[in-house]
Every structure is written in C-alpha cells, then in structure tokens.
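For reference, chains read A, B, C, D and E in written order, and residue numbers begin at 1 within each chain.
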Amino acid sequence: MNNETTTQAGSPQAVVEARNLDLVFETNDGPVQALKDVNLTINKGDFVSFIGPSGCGKTTFLRVMAALEHPTGGSITVNGMTPDEARQKRAYGYVFQAAGLYPWRTIAKNIKLPLEIMGYSREEQDKRVAQVLELVELSGFGGKYPWQLSGGMQQRASIARALAFDADILLMDEPFGALDEIVRDHLNEQLLKLWARTDKTIGFVTHSIPEAVYLSTKIVVMSPRPGRITDVIESTLPKERPLDIRDSQEFIDIAHRVREGLRAGHSDDA
Amino acid sequence: MNNETTTQAGSPQAVVEARNLDLVFETNDGPVQALKDVNLTINKGDFVSFIGPSGCGKTTFLRVMAALEHPTGGSITVNGMTPDEARQKRAYGYVFQAAGLYPWRTIAKNIKLPLEIMGYSREEQDKRVAQVLELVELSGFGGKYPWQLSGGMQQRASIARALAFDADILLMDEPFGALDEIVRDHLNEQLLKLWARTDKTIGFVTHSIPEAVYLSTKIVVMSPRPGRITDVIESTLPKERPLDIRDSQEFIDIAHRVREGLRAGHSDDA
Amino acid sequence: MIEVVFAALVWIAGWWINSRFANSPAAKTQAVKLAVPLIFGVTVLIVWELLVRGLEVSMVILPAPSLIAARFATSIPILWQDFSQTFIKGALSGYIMGCVAALLMAVAVDRSDFLRRGLLPVGNFVAALPIVGTAPILVMWFGFDWQSKAAVVVVMVFFPMLVNTVAGLRETSAMQRDLMQTYAASYWQSFFKLRLPAALPFIFNGLKISTTLALVGAIVAEFFGSPTVGMGFRISTSVGQLALDMVWAEILVAALAGSAFYGVIALVEKTLTFWHPSQRG
Amino acid sequence: ADDVKLQLKWVTQAQFAGYYVALDKGFYEEEDLNVTILPGGPDIAPTQVIAGGGADVTVEWMPAALAAREKGLPLVNIAQPFKSSGMMLTCWKDTGISEPADLANRTLGVWFFGNEFPFMSWMSKLGISTEGKGEMGVEVLKQGFNVDPLLQRQADCISTMTYNEYWQVIDAGVSPDELVTFKYEDQGVATLEDGLYVLEENLSDEAFTDKMERFVRASMKGWKYAESNPDEAAEIVLDNDASGAQTEMHQKRMMSEVAKLTAGSNGALDVADYERTVETLLTGGSAPVITKTPEGAWTHAITDAALK
Amino acid sequence: MKSFFAVLTVVAAIIAFWYAACVPMNIKGVLDQAERAGAEITPATAKERRDMGTFGLVAKNTFAIGDTWAQDRPRLPAPHQVAAELWKTTVQKKVTSKRSLIYHGQVTLSATLLGFAIGTGLGILLAVGIVHSKVMDMSVMPWAIVSQTIPIIALAPMIIVVLYSIGVQGILPKAIISAYLSFFPVVVGMVKGLRSPDSMQLDLLKTYSASTSQGFWKLRLPSSLPYLFASLKIGIAASLVGAIVGELPTGAVAGLGARLLAGSYYGQTVQIWSALFAAAILAALLVALLGLIERVVLKRMGMSA
C-alpha cells in the first residue's frame, strides 16, 4: 500500500477488503447465520450502498466494518489494518438505524460529543455544530433535548453528529428512513456534495432503490437467510449528479437491475 | 347518527371529526405549537394518509385521535364520542413510529398481547398469530425475542400486532419506513386487501408520496411550525388497485399535486 | 515477620491468577465465574492466616482462619441449632411476611396516586428508624423468641421492598404504556402484562437487598433479648467469654447462609428477567 | 504525668464513683497521673479492650476475668475495691416463688455476655437444669439491659443489681413487698465483682507497676471519699455522664447502695473471697466457667505497695 | 400541594391508629398502677390479668383508657408524649446540654457525614473498578455481598478494638462502621448505573474510538447519575444507622445511639421513641437535602423533563 492520501481516479486503493466473511449469532434457540461467505472490496472514495430485504445482514455487515461485531469466519481489513486498529485511528463516522441521542445532552451538545472526544478546539466545535445543524435544517433546535423533537428530527440530529467530524469512512444505516421526500432529496444532494468535496468513503444502507442508484458508485444487493451478497452493481453515472439525473435512461436501467436483484433474493427466500 | 354498522358507498358516515384543533406542548423553553387550527373529517371506510415534513405534527395528530394526547383547543369526536370513550370500546389498532415490542415476550407472544387483553379464545389467538406472522413474512420467527431481530423485522412484528385483532380504526405511524421496496409493496397490497375486506378506517403516516397515493382515498398534506393542514386531496383512484396502477396518468397527477403541496409547505418554512 | 512477606506474595499471586482467568476466553463459563471469587477468597484467607501468625495477633482479637475452621467443625450441632432458630424461624419467616406485605402494599400504592404521594414519604421516614432503637421495642412487644426477630425483619425489609416495587411498577416507557392505552386495557391487564414484568428487575433488586437485611436484622435483634439459642445470642455471649473463634464461626455461618440466600434469589432473577439488557451481558 | 487508661465495665454511673471522684478531686493528679476513663456498655467486653491495648487497666468481674485467663488472656487482679457482690435475682411474689427451690419450672431473665457464670453455678448447685422448663429445669432468657421483662411479665424473675436494676423496678411503681429477692451473697454463690485487672506481662515492667501503685492508691482514696460523701460523689458522676441519661435521684441512691458493697474493702483482695469465687466457678455445672484452679490470677504486690 | 395534603391525611390516619393502639398496649401497665393506687379493677390481681386478652381488659375497665395515653413508662407512648419529649429535648434545652437531642444529633451527624464521605468515595471507586476491570468484577463483587451478610453489630466491637490498638480513636472508628454500611448500596447502584447505557450508546463511542476515561465521563457517569442519587439516599440513611450502631461499642457516651441505649437501659420508652424519631428526622433531612441536590443537578443536565 502506498503512501498517497488522495486517490486519483484510475488508481483505486482498497479501503475495505472482506474475504469469505462469516458471522453466526449464538442465540438460545440455535445459531443464526447473519453473514455467509461475504466477499467485497471497497475502494477509497467509493460510495457503496447496501440494499436488501429486511433481516439480510446489512446492519450486521456495517457493524463488522466498524469493529462493533467480530466475524466468526473469514477476514476483513480496513485500510490494511484490522477494523479494531482502524477504529483506534478514528476512521469512522457511524449513523445508527435508530437515532441514539444521549438524553442528557441538548441537540447541539450531542453533536459536539465526538468533537470533544477527538479534541477539537472550542471555537472549531461551535463552528462545526452550527454548520451541520444548518445542513440538516435544524438550525433553531440546538438547545432542545432529544425527546422534544419528532422522530425525523432526531434522525437528522444523529446524521449531523456523524457529519460534524472528519471521518474517512462514513457508515450510515438507513439514515434517511424517517424523512420526507423533500428533506431527503435535500440531504441526498448535500451528502453527495460532501462526498465529492472530501473524498470520504461511504457505506450506506437504504431501502430506497432510487436513493441507492442516485448516490452510489457501487450498489451491493444482499439476500437473507443466510445473509450474503447476490449482486454488486458498479454505477456508470458520472460523479456530478444533479437531481434530475434520476429521469435519465441510464439511471432507470441501473434501478431496474437493482430491482431485479432484489426480487431474485426475495423469491429465493420463499 | 344512525345505527348502521356497515357503510354503503355514497352515504359517508363521519368517524373522526376534528374542529379547530389546537395542541400546544409546554416545554421548559416555552410552548411549542404542534397543531394549529386543524379541521378534518374522516369517513367510515376512508384510508387517510398524512404526509408532511418531519416535525409537522403527524404523529401528534394520530396520538390525538387515539386519545394518547389531549388537544389544548378545539374539539375532536370519534364515532360521535370523545376519543377516550372510543378507546374504551377498543376502536383502535395503533402502530407506533418505533416498534415498541415488550422485551420479555417472544414475537408470537407480543402479537398475542392484544388478543389476550381483548379476551380472544386460545385457539383463535394461535390462529391469528400464525396468520399475521405469515402476512408480514415472519413465519419462522415467532419464538424469537425482539432483540434478536433486525430493525425491519421488529417493525413488521409491530404491524402484525396491530393487525391481529379487529379494530375499526387502524392508526399507523410510518409503519413501512424501515422496509425494503419489495416487502413494502407486498405489505401495501396486503393492507389494501385487508382494508377492502374489512371496511376498516385507516389513518396512515408516510413519507413516501407514491405510497400515500397508492393506498389512500384521502391524502392530508401538513406543514410545520405550527403544524396545520395545507391540503386535503381526495383520490379519484378506484378502490380496486393493482400495483401497476402506479404507472397510470391519474396516479402521476395525484402524486404531482401532493408533491406540490409538500413543496409549498417547505418553502413556507424557509 | 517472614510470614508477612509471604502474605504479600500470596496476594500478588492470587491477583495474577485471577486476572489470567478473568481475561481469558473461558471467562464466560460457569466454572471460571465460580473459581475467580473462590480464588480471591482463598487468597484473603491465606493472607489473613499469615498475617495473624506473622504479626502475632492475639487470638482474643482476631483468631486465625485455621482456628475458626476447627471451632466450626467441632461445633456443628450448636451452629445448626442457632442457624435454625435465627435464620429459618426468624429471618426467613420475617422475610417472607415482609416482602409479601410490601408487594401488596406496593400494588395499593400504585393504584392510588393519593396513597403513593401520602404513604411513600411516610414510608421513607419509617425506613430510616435505626434498628438498634426498634429492636428493643419489638422485643418488648413480641417476646424473646423468634417472633420478635421476625417482626424486626419485617420492619427492615418492608420499605426497601416497597420502594423498589413502586419504582419498578412505574418503570415502563411511554410507548409501552401508550400501547396498552390504545387497547383500552384494564388496570389489572396492564398490571400483569406490562407493569409487573417491567417491574421484575426492580422487585428482584428489592428482594436481593432484603436478603442481607433479613439475616443481619434477625441477628442484631437477638442482642436485645433472646432465648439461649440463636446466632446473635451466641455471638454476644461468646464475645463476653472471649471465645472469638466461636464468634467467627457464627459469622461464617451468617456469611454462608446470607450468600446462599442471595445466590438463590439471584438465580431466580436470572431465569425470570433474562430479557433485561443487564442480564443479556 | 503518666497516662493511664481505665476501661469501665458499664456506662458512667455511681457504680464507678470512686474513679470519677479521684479524677474530679485531683487525686490522680496528685499522684502525677493523667487518667482517662473509658465508659463501657452492653457491646463492650473490657477484657477484649485491654487485650487490644485500648486500656491499661480495667474494671471487670472476676468470673469473666478468670474465664479470659483460661482463654489465654492472662489478666491479673491488682486490687478489689468491691468487697461483696451486688447481684441478685428479683421475682414477682405473686408467682408463688418464696425460696430458691420454687425457681424450677419458671422463666428467668439472665445477663449473658460473660455475666452468666454466677447464675449457672447457682443453678447447678440447686440441681436445676437451664435447658428448658421442667420439674427440675428453668427456661432462661437472655435478658436485655433493662427490667422490662419483669415489668411486662415476660419473665418471672430477672437479674438485678442491688444498686441499680432493683431500684428501676421500684421506680416503675412496684412496691418492694410485691417482690422477692435472692441475693447471691445469701445463696453462697457470690463471686467477686468490680476488681481492677491488668495484663500479666505488664507487671514485670517496673514503670508500669509504679504507675499502678499510684493509680490504686488514688482510686481507693476516691472510693473512700465517695463512701463518706455519697451525694457529692453522685453529683460528680452526673457531671461526667456525657449521655445525659442519668438522674440525680437514681445516682444518689445507687451511690449509697454501692457504698455498702465497697465498705469492707481497703482495696486489697481478700484471698478467702477469691478462693470462694474460684470454688463457685469450678462447680459451674455442665459447662464450668473454668476447668482448673487458676494460677497467678491475682497479686498483692500493687496493693501492698500502694496502701502501706 | 396535593402531596402535602396526601401526606397529611396519611399521617393523620397513622396518628389515629397509633392512639388507638396505645389503649390495648398499655392497659395492663395502667391497671397494675391503678391497682397499687387502690382502685377497683376487674380482674383484681395482676396475675389473673396476665392471662386475659387486652381487649377484654379494656372493655371491663373503660375508666382507664385515658391513662393509657399518659403513662410514665408506657409500652407504646402516645404521639403527644413523644412530641412533647422531642420539644423538650430540642427547643427547650441549650444545644450544649447533654440532655439536648440537638447536641446528641450533632455528635451522630458528624460521624455520619464522615462515614458517608468515606463510604461513598470507596463505593464509587469500587464501582468504577468493577465496571472497568473484569478481575475486580468477578472477584470483588461476590465478597462485597458477603460483607453485608456479616452482622455489623458483631463486628463493630472488634473493629473498635483493632482501631484502638493502633491508636485510632474518636470519631473515626464510628465513621468507619458507618462507611461499612453505606458503601454497599453505593457500589450496587453505581455498578448498575455505570452499566445502564444501552448497547447503541456504547457502540457510538466505540466508533469514535473514545478512550475508557472519555467513555466514563461522557457516557457512563452521566447515565449513572439517577442511579447514583438513588443509592446515595439509601447510603446516607445506612450511614446514620452505622454511626448509631458504632456508638454502642465506643462507650455510648454521646450521640443518638447513646440516647437510644440509655433510654432502653432505663426502660424510658418515651426517650427511646423521641431519639428514634430524632434519628429518622435527621435521616429524612439528609435524604431531602440529597433530593434537592439531585433535582438541581439533573435539571442542569436536562434529565428531568
């Protein structure tokens, strides 16, 4: 692995490499195979979406990448290290499937949490909080406590928390699930901009096929019981993506392919 | 109000009547107006979708209908009674925005909970549990505990719980938010079938415009700060709705109108 | 003096073995879970023995574990008599009466907001009455035999149990309660199906605290009047006779019985509240 | 001045007036002593305190001291201000008890905590078992530290001291002719009470024995002063009672009763009394307090020097 | 306001019951005294009365009911007797007087506070250790439980003697006994509290690769505060009991424990009850103070809605 920190197109640098990954949960009524024989390479600067029926292991795979879960078989490296080591280097920003804000902190203080931990200066903290609150359209709500917000507002606050600091790898588990289309479109655009500007690597779980297609450079289709990857679709869309790209034929074709992959996984299951 | 229990088309019977409804939350840093001057009539057999930006008061309005929140102004009647009285008559099935399963019960036992409370016979309980588990595609999972399921599976279990008993009014707060398109389509179809078969009245919060249009007889568009109704769109779609109705011009027109309404609400806000 | 050095070495060795065990992959197995505290205990005992010998501590101040063990072995009939008088007759009966009464009271308090507001503060007040004051009164009222000990235990366990149960019965999330509301569940339905299960972790907290209180309460009460049998009687009499080995043998019985009692309750807790995050590990 | 710590057997009361008088009147100071008096109580074993080095000298009853000696704590009696025993059994007359033989089949309250030995010896002398009620058995209760068991009629008889608990019964409104008392002195099972005891090993230390000589001398001076000025002595005790629980009436009466018990003693142990005590204890029934005649449990060395 | 009214009602009910209970409880003593004073009583002798039910006695001697509330050494003193004694020994006595409950209360209070400080400090340290070190958790926790099954009153004299022999005297031995009783609730509550964050909250910090101490200060500690305060309240009450117990083997010269003991020694039930109430009032005040601190702290943290 060379020492470049930015990546030129054409010289992809593997950030995540999963080889024959297995993960079995031991439960009281027998083991549950959540991931089976998963192979995947994510390159630096990739925007990878994970899509698949509920319970197919998307969350589990994201958690394995972030070293929150440890595989029971196979191997995974992140930036050439184990996920644990990568975490030591503060490589991750993570948005959980549920908001998970700390109830004793206001929204602004919740967003400050990672900044405090990573030792940002006070002014920098304030600046960034204001910035991301603006980004997720919660500007007036910094002083409120989580339980005073609606479900979607909490979800946005948790997105803001993950965006506030400079993680190389952003892992987002259905971040926009509880949001309306307009806000969602807005955040999709913002996320793409951020990604283009910062060259982050992003892992993104979604249930929306258009969202996956619009955002991703790579779409991973999974199927359940046991959770495995059934298709990896490389997007041919350009990096620059206005919202109306969603009406282009190319977009519709990719979306179609994703839908087919999903359907196949489902029928498998029945 | 007459004594008919079933409703013929053409003789709509008001189930929910909200007049000038206001709801203000008192918080430590001042009051929050969650609902303002809301007027709405829902007829028996209506399928009403609520759509609107996050934080506009959808959840709050659903809670008011179910007597979980009490308005600070205006009036609301359900079947000609107060919501509290209606609740005593076990008029409601409610699906919360988060799953809210009881951790000490298995999935099957969670679904049985309302059946036990309402005094269904044991065989009837077992039959219904099997039936709804099948409906939400969780057949093998009745014996698992909630924390052993993925987010989407938990959400489906909570839908099954609300469908297991015969409530006249079904209130669902973003029930399909955490589900993939295929399952969502499947559940949309099933829900429509159930609705057609049982003549339930359904209140349904969603962020998906196509979903709202596909399911509803009436689409209520809301806008925030303060939460109020900006548009009520009566669907002209027939009661019988195959999935491919979504490609019809009529469908696209209605969806467009909803989108416009939403956008208006949003720009209001800025 | 060499013993003192040995004692330090044994301590270090014990700690080292335990850290090896606790951080090994086997740490989750039942055997290791049992072995670690045992090793710790044995280490403490050896260190105690060595220190008492090394520093030549008088046996009327702190007898060596070996002496205590010898006394224990030769006094089993007496210890058994004392145990059944104090633990079985006094502590256990008082524990059961007190806990059952507290549970019933908690339900009443939970049903009525008025009672909750009125009774809990008063209850907290009564709970703060020190046992050294209440025990003589209860001995005067209920006589010298086990009945007065049971009464002391009832008074001691009642309020911890009440407070925990009441707190537990309110420990449901808003959404869980709302769900019951949408079903228009009756009070007892939501009690048995929601509040009671949700309260179990708290109830067991109360039950566990009460186990230690019960035994200690029964023993202490015997200091203020008793028949000529019982663990508290034996302890105070033996202190007066400087039979410290007997005192420690009784303390050993108390510790064994108390821990076993606690362990049993903890085991029941584990099987009934397996679903609680704190039990899922 | 030399420090001396004195551990009492019980709470501050006229039972220990001599020491408080000596302290208050400066008798200790005259002997160049700096005496600290540590009150006792129901949860304090003076023998244990002295074993732990918490006191130099302690007031203790001889049975407990001899028992401790057998247990390996070599206590030595250096002085005996109390000539006779104040212990007795007090019974309700209306229960029909009039002589010791009537005690059989009754419920009796007894002090334990090392104070049960004289009672046990007495019962064994009477041939009465203490294992429970019966033809020739009594039910023994471990009496707390008050006279409630008698007043509440939970016991037919309880242990009392002539100078203390007996009067508490009387103060509760009971008239003396409702009661029957059995003094241990009269029953021939009296054991010596309230002697001064030190650790044997200290007696080989000359500085210590010198200190004790001065201490005993001053203490006896205090006792004799208290005997002749009982009311003043009681006042001094009251001044020293930090718990504020004692009453003047009770302490003055106690002082006059205590004076009767100290009357025959100049401080030196009467060997005949000692031998009688040992004999009583050796016949302690099934579980005798001491199993063999103790050796070296007393010395006249201190009193001889102190009182010459 | 509503609470105040509720408490008042409950207290009134208890007092009414209490007065009623005084009658059967004290009737025998009253009748014995009346007999000595020469009154006509059925049945006439104490011996016969002993074997009779108290309610029967009350029914046959109704004239004596009034006296059951005014006895000198009652089995159960009437509320007004306790109140009068409390009044007399607090307000009407100089605080320096040995008969003032305030004087004794302050003696006990200082040992309680010192013991509470030691116990809480130790408890929190142990809890932090237990939560962060597996060895501590597995080996110390069971023994902490065992330590509480040992009757403190049996251990107290030995603790005192051992401390005496190394020259520690005064307030510290009492405080140590008080700490012995108060550390346990703090350990248990604090361990529970420090473990209360759910897995998502913990996972979040893991993704930041937060250090252990950051996890402690930013997550574990704040989420443990409600538990901490709950156990502090139990702990301070336990400290008080410990300080009182500790007064017995230290010669019981001053303090509420000494008052209790002296009262019980002389059968002065009114004095026992007033000392008991003084102790409970002291505990209630301490608990209320902690409650106040709790409310302020939690409010500043936004934990109470």
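What we mean here is this: contacts are C-beta pairs under 8 Å (C-beta built on N, C-alpha and C of every residue); 3 or more make two chains touch, one makes a residue touch a chain.
Remember, it's a predicted structure, so these values are computed and weren't measured experimentally.
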item	value
Starting at subunit B, fewest touch steps before arriving at subunit E	2
Those chains which touch subunit D and also touch subunit B	C
Centrality ranking, top chain (CA atoms only)	C
Two chains joined by the most C-beta pairs in contact, as defined above	C-E
Chain centre separation (subunit B, subunit C; CA means) in Å	50
Separation of mean Cα positions, subunit E and subunit D [Å, integer]	34
Centre distance in Å when subunit C and subunit E are each reduced to the mean of their C-alpha atoms	18
Euclidean distance of C-alpha centroids - subunit C vs subunit D, Å	38
Per-residue overlap in subunit B, given as positions that touch at least 2 other chains	98
Set of subunit E residues in contact with two or more other chains	75, 153, 157-158, 161-162, 165, 248, 261, 264
Subunit C, residues touching no fewer than two other chains	61, 136, 140, 223-224, 236, 239
Touching pairs - complete list by chain label	A-B, A-E, B-C, C-D, C-E, D-E
Complex interface listing, subunit A residues touching subunit E	63, 66-68, 87-90, 92-94, 96, 98, 100, 102-106, 113-114, 116-118, 145, 147, 171
Residues of subunit E that touch subunit A when the two form their complex	200-201, 203-211, 214, 218-219, 222-223, 225, 301-303, 305
Subunit D - residues contacting subunit E, complex	11-12, 38-45, 48-49, 51-54, 92, 94-95, 144-148, 151-153, 168, 172-175, 241-246
List of subunit C residues in touch with subunit B within their complex	173, 175-176, 178-186, 189, 193-194, 197-198, 200, 273, 275-276, 280
Residue ranges of subunit B touching subunit A (in the complex, touch as defined)	25, 27, 29, 32, 51-55, 59, 97-98, 143-144, 148-153, 155-156, 174, 177-184, 207-209, 259, 262-263, 266
